[in-house]
Amino acid sequence: MIGIGVIGLGYWGPNIVRNIADCDGAQVVAASDLRSDRLAAIAARYPGVRTTADAANLIRDPRVDAVVIATPVSTHFELAMAALEAGKHVLVEKPLASSCEQGRRLIDAAATRRLVLMVGHTFVYTGAVRKIAALVRGGELGDLYYYDSVRVNLGVFQRDVNVIWDLAVHDLSIMDHVLPMWPSAVSATGMTHVAGRHENIAYLTLFFENRLIAHIHVSWLAPVKVRRTLIGGTRRMIVYDDLEPSEKIRVYDSGITVDSDPANVYELLVRYRAGDMWAPRLDATEALATEIAHFVDCVEHGARPITDGANGLRILQLVEAASESMASRGRLVEVAAPIAAI
Amino acid sequence: MIGIGVIGLGYWGPNIVRNIADCDGAQVVAASDLRSDRLAAIAARYPGVRTTADAANLIRDPRVDAVVIATPVSTHFELAMAALEAGKHVLVEKPLASSCEQGRRLIDAAATRRLVLMVGHTFVYTGAVRKIAALVRGGELGDLYYYDSVRVNLGVFQRDVNVIWDLAVHDLSIMDHVLPMWPSAVSATGMTHVAGRHENIAYLTLFFENRLIAHIHVSWLAPVKVRRTLIGGTRRMIVYDDLEPSEKIRVYDSGITVDSDPANVYELLVRYRAGDMWAPRLDATEALATEIAHFVDCVEHGARPITDGANGLRILQLVEAASESMASRGRLVEVAAPIAAI
Amino acid sequence: MIGIGVIGLGYWGPNIVRNIADCDGAQVVAASDLRSDRLAAIAARYPGVRTTADAANLIRDPRVDAVVIATPVSTHFELAMAALEAGKHVLVEKPLASSCEQGRRLIDAAATRRLVLMVGHTFVYTGAVRKIAALVRGGELGDLYYYDSVRVNLGVFQRDVNVIWDLAVHDLSIMDHVLPMWPSAVSATGMTHVAGRHENIAYLTLFFENRLIAHIHVSWLAPVKVRRTLIGGTRRMIVYDDLEPSEKIRVYDSGITVDSDPANVYELLVRYRAGDMWAPRLDATEALATEIAHFVDCVEHGARPITDGANGLRILQLVEAASESMASRGRLVEVAAPIAAI
Amino acid sequence: MIGIGVIGLGYWGPNIVRNIADCDGAQVVAASDLRSDRLAAIAARYPGVRTTADAANLIRDPRVDAVVIATPVSTHFELAMAALEAGKHVLVEKPLASSCEQGRRLIDAAATRRLVLMVGHTFVYTGAVRKIAALVRGGELGDLYYYDSVRVNLGVFQRDVNVIWDLAVHDLSIMDHVLPMWPSAVSATGMTHVAGRHENIAYLTLFFENRLIAHIHVSWLAPVKVRRTLIGGTRRMIVYDDLEPSEKIRVYDSGITVDSDPANVYELLVRYRAGDMWAPRLDATEALATEIAHFVDCVEHGARPITDGANGLRILQLVEAASESMASRGRLVEVAAPIAAI
């Protein structure tokens, strides 16, 4: 039985606690937050859980084998590093840290101590994204043309980070999981509508070595909620609408065909074809339950998580490059090759 | 009774002929196309119309007071110039011409001869866009935050122009009509998926002097058809979905409020509010009927059209700047002030 | 080349004229209507067509081999009978006539003279309904549980007939084409909201010999347009939404399974299963073009139409039985076996 | 502080426990269920709650002031009567009991002892239904034409009751709350698709003294989930779609106008008008929280609940009448005047 301590009991933390409580092979032994009302609520519901306002205290607790961190981004690095240095496995909410530099140091710290370091890119554990990854990586779409995602709503303006750090991290982690390629450059634009704040609207274009192009649109300032991704290939195209109650993924047997023009050998004929649509039944298990079970399993067997530190670092690379491009209104920023997993 | 000659009887031309036939104060006197089957079809349906394969011949016809041009883009300039030089009023399909330089010369030619020059930005004449323009220019949205448009489908790959010239022209002309400001710079990205062809996917970001930002996504390679524009302001936000059968425009009484944080005078509090939604009833008149009637009216009274040559030229400026930026993967391209109408 | 005369040039008649004009092997030789403006419009567009206000005159015209009747329901019988007695083949708009008695006499008249008698149940010729019929009759749904259809909108209140005669005729003819069974009884309810007028809302339940049940809801008084049919069977279920632009038919691999309860041999366990969904690509040919071509083909080869007189009569039987039940607020009315085709 | 005992911890019971726990002025003191795993789950989460497999024991508990019953329908009467006889206030899940006779006896028992008897018609406490009731009863729709509701999905086949008892109870209780009139007769049809089970599809038509007509369609055997109600009046019409995430209610300024025909004084002209649509912002409070707070408030102040015993009995009257009609395939069954609240 693995003992877990949860740091951060705001919006997401209580969901983590609940899913650990429902997970075989693990139990919540301690929980920490700066606000006493949140600690009291957890204590009332889970009387066996020790609560403390002092995260360092939780980390030191010998019954704690692993720590889950669900605090504001700016604290991720310090808390995760403290936990690793105390010999504890770590699952940290997305994004992994506030910079690539921090991410690299966490990966090193975990590797040195042979500890599990996992990042909570929860969408990767949904039935929908797992199905998309199977279809794309299984070649069902043929060669890839584009990946286009929109994630907008009327949402909380974060104080300390731009909207890329908050929303685009979801799309980048899904894209990284689904696509078998790595972008070579990014051009991003955006705007802030509140003086002194970071950008609340952003548009990212990612270029790849071949003809694949990706685009991500994120905003905290839309009157309607949209969560829609289009993925096109030579053979098929996918529409992934996360707000659909039951048919989140639609696979279209549509595309273009390119032939030589019989009338002109130097010309190509481009025709389009529209075929059947198919919506596969998806696993409806709560993604966080799958994620927690995977973390517990990795801790137990010393395995490398799907969303490991290297994965978290790749997303930080893209976020940093995109933010740099956005600051200069679309200037192309090269993306270095991903730091290889140790 | 104004006599009109129609050049180009492909997809759009027959609609123009039908709408002129139904318009009081005008009649189709001649029609021209290079394909004899198209001429025969018009002759069969409209026995009073003279048909000819020779556009020059139609332009010379003394019964022709005005010429409507619905041919491929590359021929717009030559045909329109010939008609103006022959003293005929001109309505040319969008885009006005193949370059700003051509557009300028058409404007000059029309001004010199005091002839009407109009461009067929048909969306400007829809009930939906007219309502949006009235709301935005009437201040109902407050100060403007953003204009975001998506126009994608599985469509015909044009041979000679990129997708900006084909699809984004619609969005740019709607945006130009609706917004009371002019962009100062553009950053665009895109991709071609057929060797030797122009870009079939494009993303445009337009910057304005204040905090307003616009973005347009166009593609010929999407499995589903999307025609959706979001417009956000300090007071209200609009969702314009052109595929909705009856409620194309939805006005949301939603947005953000920005206050000083009482706990910290140097900080701002950003809160969002979500209110009622309202879908105004729209004029359902066919846009092309309104456009043709407006053209006839301008010819009759010597008035300047809403979508005059200067309007057509402004759109060409934006298309050229965006294509230039796209060629260098998002490099910011300044947009000059619009050439003033003479 | 078959010469056709069209009687009735209101809403639907001009569509018929256009489709005959585009049909190989047939031509419109004459057209008739009581209103001179409608005759003038046809004459202007189709100069080769003879126009007359006198339908009898058109029927007598020796160049007329077949007559298409698109007039108000109350005139169907008299016009169709006159045409048959004059030795002309007949296509009459739905419904076939104003009563079963009239329908029977038309069938007899056509049979005696070996003439084609066809009724314009146009939906039967759509790509969607043809696909549904193929799926249902091919056994893809298994045994049938139910057929449920909603056809409501804000529409024109007919003067002389209730809403069953106007709208439910569409559903009954689709149902009759799709289902391999005949109902044994009907219970219908409805209401009129305008004094002195027939019912503008109606609900029909049709019972079959086995456990199959059908229900049809029609109304001229709904704020939104709905055209949706659910068809359920033991193996699969279909949702047919005629307002969907591209995916009108969705086939769900969903249903229930019924097993013996291992804990209680006298009890059955009912479980439901939800599987993939599939939207087949449909033939998008205009239904009226297919219908006209079929009529011309039947005339040419002396074949029996899919929607022959017997089909038209079956629908009249159901409409009369439903109207009788509705008049007594749901009283069950037996439906006689369909009159066999001669 | 009011002490509450909850009987029945299946699907709905834990939600009740959670909402009482979050409600000021009340606390859960005891919970009962026949299954020990359910008791254990509650005990783990709410350590202060006494759990017992013996409902009679819970009812006797002197700390229990009020009992909430969330057990199968067949047990409602016995448990509620026992609680009332023990002097406890009662909130019983819908439907109130298994028959009108039982409902009447519960009302009498509560009245005699001056105890609160409330039925859990939860939809009545949603923001959507409260807004609809305000609009309809405030006259915004004018005179009422129709109430039409569809509630279908692929759902659990109940063992002991037909689908009217399970699903139509929701629609009938909403209708009863929203409409200011009482139906005079009902005609219902339905079908069972599993041998030995009750009807799993049902259609109810309810007639009122004036021209108002209501219809309810319920099913456990549809491939898609639908929760849609149309309400039409002389001035406006409402579409209530409970599955819409944010715009559950749409109010259409649409309808018909009836004038005398100037050409024929004995005829009426019926025209339809389509106007703006408006979607009011709704209170998004969880309905069960509002319901529990209302129950606690009624207990505290001796007030009569909105969904009191008389309300529960009215719904039973309609369910019994509809089931009787369904058994004889649509035969009209008169509905007696509602038993007046004591």
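As written, the chains take the letters A, B, C and D, and residue 1 is the first residue of each chain.
Operating definition for what follows: a residue touches a chain if its C-beta (ideal position, glycine included) is under 8 Å from a C-beta of that chain, and two chains touch if they have at least 3 such contacts.
Here the structure is a predicted model, which is why all the values come from computation and not from measurement.
Of all chains in the assembly, those touching subunit A and also subunit B are C, D. Counting C-beta pairs in contact, the pair that comes out ahead of the other among B-D and B-C is B-D. Distance from the subunit B centre to the subunit D centre is 53 Å, each centre being the mean of its Cα atoms. Between the CA-based centres of subunit B and subunit C the separation comes to 42 Å, rounded to the whole angstrom. Multi-chain contact residues of subunit D, defined as those touching 2 or more other chains: 224, 246, 274. Across the interface of their complex, subunit C is touched by residues 45-47, 224-225, 243, 245-246 of subunit B. Interface of subunit A with subunit B (complex): residues 145-146, 148, 150, 152, 154-157, 159, 185, 187, 189-197, 201, 203, 205, 207, 211-213, 215, 217, 219, 221-224, 230, 232, 237-239, 250, 252, 254-256, 258, 267-268, 270, 272, 274, 325, 328-332.
Within the complex formed with subunit C, the residues of subunit A that make contact are 246-247, 253, 274-281.
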